[in-house]
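The two complexes that follow have subunit A in common; it is paired with subunit B in the first and with subunit C in the second.
This part shows the complex of A and B:
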């Protein structure tokens, strides 16, 4: 799965979990928090995306990630290892 | 799962096992790993005596009984085993029997419940008080009873799970602000304009031991006309000139819309309470589920707690002794050049860092040396700041504190240098 597809999955779950967010507004260089996601929303987005992508990354490795793009890259790296 | 030590309890919340009565399969693999089982062996170790500053445990490490200096129990003022408290509970047991045998609205309200709630309301300088059988349920029940869908709950990101769970249950929108960062709070208040807003903070934050920046929080909330809920679980009976808590310490009690306290820490029992205006308390008696639908707290416990309140507030001797011990412990630990994370209270963390392995090695050695000081691991605290957390008690003697610090020096200071 390439980066574009992984980003699409993250974006889909972000839109499902954050109120009043439009797809066109999402800038991957920003944090989910910038769009009003609280820590529980972020757990939901990350967990649902990992489940759909069939990847598993320890939370301790995700704690320092700041932006949606960094999260996508982390998923890309783990996705290629898994497949 | 080849990197098993990188996983934690943060990774298994979601469960897609087709069998609804089974945990996630990878959770089973993880928790049955010998190294993880070892870490879990620190949980649920049995205390064989009262949680005094010296007590006895049945160690899960080797199955042996071990006499220990206790730096872990929340018995901050030693009230769980105070002779007058025990006597009051004994007398109540003879008079009332073991339990309340009913929900408060039907048959669970005894004279001691009414008297104790009245004393607590007077103590906290509020109009009325609601008692809960369980502290976590108190916070949850307050959030669930006060807030509705369409409301906004703004919480400090380090607020306790009970407040978060209560917020979830209420259906209110939850916004978290950066810990003790008033600019971040203001951003959230700005986003919530036009809504009913409750801001939740804690007097003492339980993992770092720091205080809420209450004057700044109050100023921001007044600007946006938001109500404040303060959780004084780790500060009631200890902070302020009269022990009423951190709001008293800052001289801002009248600005607190609701004040919460627990009975499981300085009071030495179990349960929780909220104090607020009489109209809200009357409403919550009807709509806060953990109050309305649970059995009332045992009258034995309530009689003991009422005596604990009296003992702790008739003079300042217990809290004076506590602060003397806190100052002594802090000085000794700072002399050892340990990172205490800016604590301002009787909760003193010792930051170990990112290595879980190191944390549990040290935890083992501390216990083998006779110190009951539990490790706190991710996700309870950030992965880069795993720690030990000391709960200082007024019961600690100078000898116990010296011995504890010697053990910490031999194990923790030496371990951090490796």
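This part shows the complex of A and C:
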């Protein structure tokens, strides 16, 4: 899966889980927190996206991630090659 | 100067207990539990009280257990004491309205389960995360959660540990009295409080005694099983690891 597809999955879950967020407003260089996501929202976005993408990353490795783009890159690095 | 719990009792018999330990997100630290229990005990002694509105911070109602207590449980150092909170709430001699404008997670959500009327916010999240931390649910959750959300949704909440948005719970259909926009939660609680306060305090207390009997029985039943499951599941080596990872910043 390429970065664009992975980003699309993250974006989908972001829109589902964060109140009053429009797709056009999403800037990958920003943090989910900038859009009003709280820690429970972020856990939900990340775990739903990982489930859909069939990726498993320990929480400790996700802790330092600051922006949506960094999260996307982390997923790209961990996504399986077969698809 | 900034107490973890604020407590007021009005002349009309409406009491308000607000959990406001902002620094710790209303987690059940030892100090927090002690203050909460003291406040509830004090209220239970007050014969003027007709109804209690139980609320938290706008962001978080309560996040349940704190890390140190869970790790102590893993080490077998202490016994589950947050069960005290469930028991105390069920024993209140007047109805309790849980007004949850903020998130309620784990034991925090069980506080609502142990109340008589429940109001939640569409935007906030509610869940019982025990299993996500590696151990089985406690505080009476296994028997009492189904009363509030129905048995199959209770199963989903317990097995998945997912924190649902209030509006998701509204779509599913539960027994939660009201699921409203955040800003309307406290006014609604106040409104119901006022309606109850118009009734005779002696009859309110008589009715509460009758209506809470079955839940008290359920808690006693739950405790036997949950204690046994805790003794086993807190001793799993994976549990300690999961707790440490989940609470890590």
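Throughout what follows, the second predicted complex is superposed on the first by the 79 of 83 C-alpha atoms of A that agree within 3 Å, B and C clash if a C-alpha of one lies under 4 Å from a C-alpha of the other, contacts with A are read in each partner's own complex, and residues count from 1 in each chain.
Just so we're on the same page, a residue touches a chain if its C-beta (ideal position, glycine included) is under 8 Å from a C-beta of that chain, and two chains touch if they have at least 3 such contacts.
Since the structure is predicted, the reported quantities are computational estimates derived from the model, not experimental observations.
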Item to check | First, second, both or neither for A:60, with subunit B first and subunit C second | outcome: both
Checklist entry - Does subunit B (first) or subunit C (second) touch A:51, or do both, or does neither? => result first
Checklist entry - In the superposed arrangement, which partner chain does A:38 touch: subunit B (first), subunit C (second), both, or neither? => result both
Next on the checklist: Tell me the contact category for A:19 with respect to subunit B and subunit C: first, second, both or neither.
Outcome noted: both
Item to check | Overlap of the subunit B and subunit C footprints on subunit A, listed as residue numbers | outcome: 19, 38, 40, 43, 58-60, 63
Item to check | Complex contact set, residues of subunit A against subunit B | outcome: 19, 36, 38-40, 43, 47, 51, 56, 58-61, 63
Item to check | Contact footprint of subunit C on subunit A as seen in their complex | outcome: 17, 19, 38, 40-41, 43-44, 58-60, 63
Item to check | For the subunit C and subunit A complex, residues of the former touching the latter | outcome: 59, 103, 105, 123, 125, 127, 162-163, 165, 245-246, 248-249
Next on the checklist: List the residues on subunit B that touch subunit A in their complex, please.
Outcome noted: 1, 3, 6-8, 10-11, 13-14, 16, 26, 157, 164, 168, 173-176, 191, 378-379, 382-384
